[in-house]
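Note that subunit A is present in both complexes that follow, paired respectively with subunit B and with subunit C.
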Partner chain A sequence: MSLEEPQPESTYVTDEGVDYDALESLLGAHVLGRETHLNAEAFVIRPDEVQEVLGLLKDEAGFDYLSCVTAQEYEDRYESIYHLKKYGDMTREVGVVVPVPRDDPVSQTAAPVYKTADWHEREAYDLVGIEYEGHPDLRRILLPETWQGHPLGLDYDQDKPQIVPYREHVNPIEGDYRDSDSDTMFINIGPHHPATHGVLHLKAVLDGEQVVDVDPDIGYLHRCEEQMCQQSTYRHQIMPYPDRWDYAPGGLMNEWAYARAVEDLADIDVPEYAQVIRTMGAELCRMCSHMLALGTFCLDIYGDFTAIFMYAMRDREKLQSILEDLTGQRMMFNYLRLGGVAWDLPEPREEFFEKTRDFLEDLPVATQEYHDLITSNEIFQIRTVGTGVLPPEAAKEYGATGPVARASGVDMDLRRDDPYGYYDELDWEVAVEHGCDNYSRLLVRMREVEQSAKIVEQCIDLLEEWPEEDREIQSNVPRTLKPDPDTEVYRGVEAAKGELGIYMRSDGTAKPARFKIRSPCFSNLSTLGEMAEGEYVADLIASLGSLDIILGEVDR
Partner chain B sequence: MNPAPLEAVLLPETISELTGLGQFGILGDMIAAFLAAFFVGNLMLAMTGVAGPWAKRKITAAFTDRIAVNRVGPFGLLIIVASAVQLLAKELIIPEHVDRPAYDLAPVVIASSAMLGFAVIPMGSGIQLADPEVGLVFVFAIASIASVGLVMAGYASNNKFSMLGGLRAVAQNIAYEIPLIVTGASVVIFTGTLQMSGIVEAQQQALFTVAGIGIPAWFAIVNPFAFVLFLAANIAELGRNPFDTPEAPTEIVAGYQTEYSSVYFVLIYLGEFLHIFLGAAIITTIFLGGPTGPVLPGIVWFIIKIWAIFLFTQWLRSALPRVRIDQMIEIGWKGMLVLSFANLVLTAVIVGVFVA
Partner chain C sequence: MSSEKSPRQSIIDGKPAQTKTRDARMGEGADNRFNSPLREAFGTSPFILTKFDQFLNWCRGSSMFMLQFGIACCSLEMMHTYAVKHDLDRFGSGVPRASPRQADTIIIPGTVVSKFAPRMKRVYDQMAEPKFVVNMGSCAISGGPFQEGYNVVKGAEEVIPVDIHVPGCPPRPEALVYGVVKLQERIANGESSPVVVKPYELEPFGDLEQDEVVEKLTEQLDDDDLVMRYNWADSP
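Showing the complex of A and B:
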């Protein structure tokens, strides 16, 4: 934790955590009431004072990170919850709850305070139906413009067909974007384009070769993941879904995000042995994910299927094979369970350890090979150093997390700052680069692979030594899990792309009343304009590649 | 310094002699010339056919730890037939509002400009269609016609990605054409002739002897600096990696060829491969001693040399990142142009002082 920086806002933070009473007196009359969420206290405020309250919390109390905006509908009201944290210390959290009446769901926007609120509020408007007054661009974000109704609202009829004539669908190539006064050209990059890493559509305006404006159009891969989770039971039915968010594969890390949130919500203990296995599995996934990121980023820079891509795939394949041995699956693991993992390490254990150790032994050679091939290549350097610059302030404004934030010099990592699993027992470092450019983002990932290897190695040692009678893989969890009614929790884990957060509200049944996913890719993608505007088309593509987005997670 | 114009025996003459077509006067000469052109054209097309669907895959696979085509025929060689059938059988999709004659002509221009260039290349074993005194200028002039084809393709496709690709192609070709020709001219200072056979002839005598083996006076050895410059400029001129910005599949989809499918696509691709081989043939002729070499017949040496250069382009493709278009132009105008003129002046001074 960055204790080296003096914190002027320390009046609001004590050693135990956030001093909510001091915060309440800071906000004064703005506070209508207080709610207790399991992760933090939350202040209830009036819908027309959102900017004022958030501004105070950001400037005076130092909550510089708007992690997530959750919107939900109750029988009597709509509610937006702003989950605030500090980049300097991720355990300092506070919630801001903004209730609005059902018949007039209008709330003031937070976009002028936090830029990241722009997209998050658009999503809230799109899926739940709260309108944000003063929002710079309140359009639907995940669903098509022609969609009828807001699917996560209470009175939304799921069976009602969406009768929208084909001709009413927005056709991006229909409009005539010619403008006789300027020399700019409108161009659609995607949704079918070799370098968009999935179905992403970038509406770009070019001046010659330079990007004037870029507007990512997402939602092509929206699969109602939140809705599906809300219709499933905590105990068994939700766990397979997280694998489908970041399928790069960030599977185990995604599952962990859900597991961690429910374990907090229902107060479930996890045996230490299972935590070690989880930690090892998550880091194997992280390496896998970063290998893919490295390979595809190089595709964007190199242009063709090159040696680097194949080498990255080769190393990733070894990891996948290890993960397959562990979980029985290569992509959709479904390995974590509430209170532990599905099963113990594969027998014979020695074989598994040996295989993993072999990989870890080969890894430094492979890493050196990547450095020889990629990072020390002069052409690669002139292409990536100093391009796609994301200054640290902008990264914070847009709520960037993970390698994207760390490459901009933002020293944050939930594994260290908000420890879970077995991370705080192990010896590893957070990779931070200060270049803020495409090159730094690649370097951060490469260094993280090395750190992950270090973690996996320590986990293997621990698991090997673990006494046989003490190998408890799951704690006792009720067959039907019904957390206490009206408990709310927002919990994040450090997934490969950044903070993957889950907000859940329980209503006393076996299914969550609200299940909200805070996707790291979603927020990271919103920084693209900041990086690419004024740069060349080639750098726009490179920046997009360096963000390492998975559209399955962006669109959910 | 002024060797008499060589009276090399050209392929059309050989054919007219062998078949006795010569006695039918000009008509016979024409038929003989056609036969000879048919032979050379097919030789090059056959090489392209091997290179495109098969060799390129195999080479790239070798660089990237893969096996590539190995199911059809020995070493997967019959994939050439399969690919040909597949490509020709595809539907030819022509988008709406394309600029019709230009759109249709572009692939033909791209492919044929490369074919024409081979007319003056001495391929050894008496295979050369014509040997004009301005051979080198002819081959540069013909090769740059391809730029026109690229612009036509980019402009006529009614696609913004094609448009960008076409513009990049022109910018790049202009930037690299000059260093290419200026560097080529530095060779002419040595030879004193533009005639292709003369340039080959000038590289025959042994430069020096190492352990009893005479090292020939190839201009690649005489002036390695010019060779490297020419090689780089040639790669850029062809638009191969790391200078493949006009195509740049990950940026502008495929540039000028985005909207071409089926036969047109094959023609453009054919043109590109022919251009690689034409570039290789020019390099072979003016820097690598043309078709000469020990033991093996000239044509075999010629093929070995141009395939070596083809292999080199594929190596670059697997190993090097793409340069951005502005950096590309900068390298061309600020770097290559200056270096190539420096090379020209230096060569002229050295040749003037030592030889004269």
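Showing the complex of A and C:
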């Protein structure tokens, strides 16, 4: 539950949850049937009534957050699933299932209702092959525009040759381009550029120093994560992949997203002791990830490898060393297991506690250093205060989550709103800022580091006093996990960048039939146009840095 | 010049060098920091005789400019290698340059996918000769954990020649340092034999052999558009 401005409870939501019968009567004749997913009920509707139904759910029932769009192909049909939630209360969920026939896969677009559907539907078109009628800009998003076939479709032949062009990009504002009366200039930023944090390509059109139009071109790191997960077994083979989505490293948080989804899917319990270890590990990762955000953001704003970057790296080294003691690896932990964790804390335990405590003790000094160097620095303030403004309404429209949403005053955090792990037993706060600008996004991250430290400290205290006979790290899980056929679940956790959701459908085998990753960076990046258009090009770079995207997670 | 004595011998047999000033500066109990093994090997001679290209190779190996080139997970460990604690600069190769025209070594830190390979090839082409490539991590070596992906190039070697492979997923910074130092040694010794396994080249669309895939794209692409053709079935 959100702590501020309690919204008047609509008739469709009661204290127990969403009143699906009331929703069904709201939608009336639009509903063709109902499906039960593990996270929520879903309504099946006609493909030409998508906008109407989603409009009703958004305006009348208050589902203002389109979390994810999953597309998949069955033997007899294609299906798009819209996972809706409320920013005010993340546990209120509803699904909208839109089946379309295989010979004519055309579905109405949801982009006019939720702006975030624009990118999600482009991805669904690209990878699965559903066409969205009325979509403003239906072209491939992850794969090159000349790609043949839709790789996550059932009859895709992976061995077919493909041709990828390398050519000059065309100015989208072509009428003005190279026109003697106009000053607009087309400029490529990336895919190899120090400020894009990886292999992102921004097609920017400038009018003098100002950005007229910016179109993020992604897919330069699309390494088929969903396909990899779909051809791996639940129990052991999938777990290493989440580490490689958000490699900042958000490792344990990503692993947790997968673990949480499967634990719901196959009904697995996790011992409390393991939950505390998970919570501690995830928060250590969050700190590590935010340190990277901090360092590279300042790199974008101040220039080359300067003090702040080195300071942030210094603290990351310490965190990675702690995480290495815990998990055995610096970045790709592969530490979580379904129903627990791989092993207990390293022996001798006192040494591990002492090392972690040492870091936590040094942290306030380090944070003060960061504040001296960054937030109270006049140059930094001039560059970031009031630039890259993302109003709360826009943040919600684009499905922004995590620090990006919280810096725009949207009070949401899955750790509190949809509690998992050990978070609801601990004392901590959600960092929310109302500035909506680049500065606020940095402040939110810095405050979150402090909150994470608070959580880790409490976890350490708990673990230290945990009775020895009670240290169960793993519950009983079948050697080969085969969840019941046709069970569907969509579950999210609060990763460093926002809501990291996993949709999974089982088909009775040991491998998921569909594995869809809802990446927070993907949605956050789609707000870039909103933030940067009309601003100076230097602020475009600053805004991009403040989004803290990791391309591995954007492209998957 | 006397015919019995070589010029070198005459220097060795000559008067001892004046070291008063140096000794005075170093003071008593001075360390031998300034007496390098080279200086000792040549005795008192202030000259080093060597071949010019050997000298140049040694210079190259001792001062490498890295391209600031991040692709995926490994680039995080690459950043750590550049930054405090590991500090690749100690070995004379830790200054990342943002422009390929100022760099002579490129580390490939991550998965190369179909959309990126032509761009990577172009970045490589833009680097000044002589240039060297370090493959960092399993993805750049073979596609790594993503090898079976529909979009993944099975190693950077299919696109550009590679000098050194550093295995790991990701390699630890120490491993990368070791790889870079090995490359420096090889360069200094003048050994370098990069291999291209199966080059995917950028070629004009019009030059491709006519087949089903090409026919489908004739409307979208012009004959002079540069394209890279992936024959996935032939990949190792």
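One rule holds for everything that comes next: the second predicted complex is superposed on the first by the 532 of 556 C-alpha atoms of A that agree within 3 Å, B and C clash if a C-alpha of one lies under 4 Å from a C-alpha of the other, contacts with A are read in each partner's own complex, and residues count from 1 in each chain.
The working rule: a residue touches a chain if its C-beta (ideal position, glycine included) is under 8 Å from a C-beta of that chain, and two chains touch if they have at least 3 such contacts.
None of these values were measured; they are calculated from a predicted model.
Colleague: On the A-aligned overlay, A:185 touches which partner chain: subunit B = first, subunit C = second, or both, or neither?
Modeller: First partner only, subunit B.
Colleague: Counting residues of subunit A in contact, which comes out ahead: subunit B or subunit C?
Modeller: The partner with more contacted residues on subunit A is C.
Colleague: When the two structures are overlaid on chain A, which partner does A:379 contact: first (subunit B), second (subunit C), both, or neither?
Modeller: It touches subunit B, and subunit C stays clear.
Colleague: Classify the contacts of A:281 with the two partner chains as first (subunit B alone), second (subunit C alone), both, or neither.
Modeller: So A:281 meets neither subunit B nor subunit C here.
Colleague: Identify the partner contact of A:302: answer first if only subunit B is touched, second if only subunit C is, both if each is, neither if none is.
Modeller: Touch status of A:302: first partner only.
Colleague: Per the contact definition in the header, classify A:541: touching subunit B only (first), subunit C only (second), both, or neither.
Modeller: A:541 contacts subunit B only, not subunit C.
Colleague: Pick one for A:247: touches subunit B only (first), subunit C only (second), both, or neither.
Modeller: A:247 contacts subunit C only, not subunit B.
Colleague: What is the contact status of A:316 with respect to subunit B (first) and subunit C (second): first, second, both, or neither?
Modeller: A:316: touches subunit C, not subunit B.
Colleague: Does subunit B (first) or subunit C (second) touch A:216, or do both, or does neither?
Modeller: Neither partner.
Colleague: Which residues form the common part of the subunit A surface touched by subunit B and by subunit C?
Modeller: In the superposed arrangement, which is not itself an observed complex, subunit A uses residues 193-194, 305, 309-310, 314 for both subunit B and subunit C.
Colleague: Which subunit A residues qualify as touching subunit C in the complex?
Modeller: Listed in rising order, the residues of subunit A that touch subunit C are 143-146, 148, 151, 156, 158-167, 191-194, 197-199, 219-225, 227-228, 231, 240-241, 244, 247-249, 292, 305, 309-310, 313-314, 316-317, 320, 330-332, 551-552.
Colleague: Spell out the part of subunit A that touches subunit B in their complex, as residue ranges.
Modeller: Going through subunit A, the ones touching subunit B are 185, 187, 193-195, 209, 298-307, 309-311, 314, 373, 377, 379-380, 382-383, 536-539, 541.
Colleague: Okay, in this complex, where on subunit C does subunit A touch?
Modeller: For subunit C paired with subunit A, touching residues are 68-73, 75-77, 79-80, 82-85, 96, 98, 100, 110-111, 113-120, 122-123, 139, 145-146, 148-152, 169-170, 172, 202, 205, 208, 213-214, 216-217, 220-221, 225-233.
Colleague: Taking the complex as given, what residues does subunit B use to touch subunit A?
Modeller: It comes out as residues 60, 63-66, 160-161, 164, 241-242, 244-245, 247-253, 317-327.
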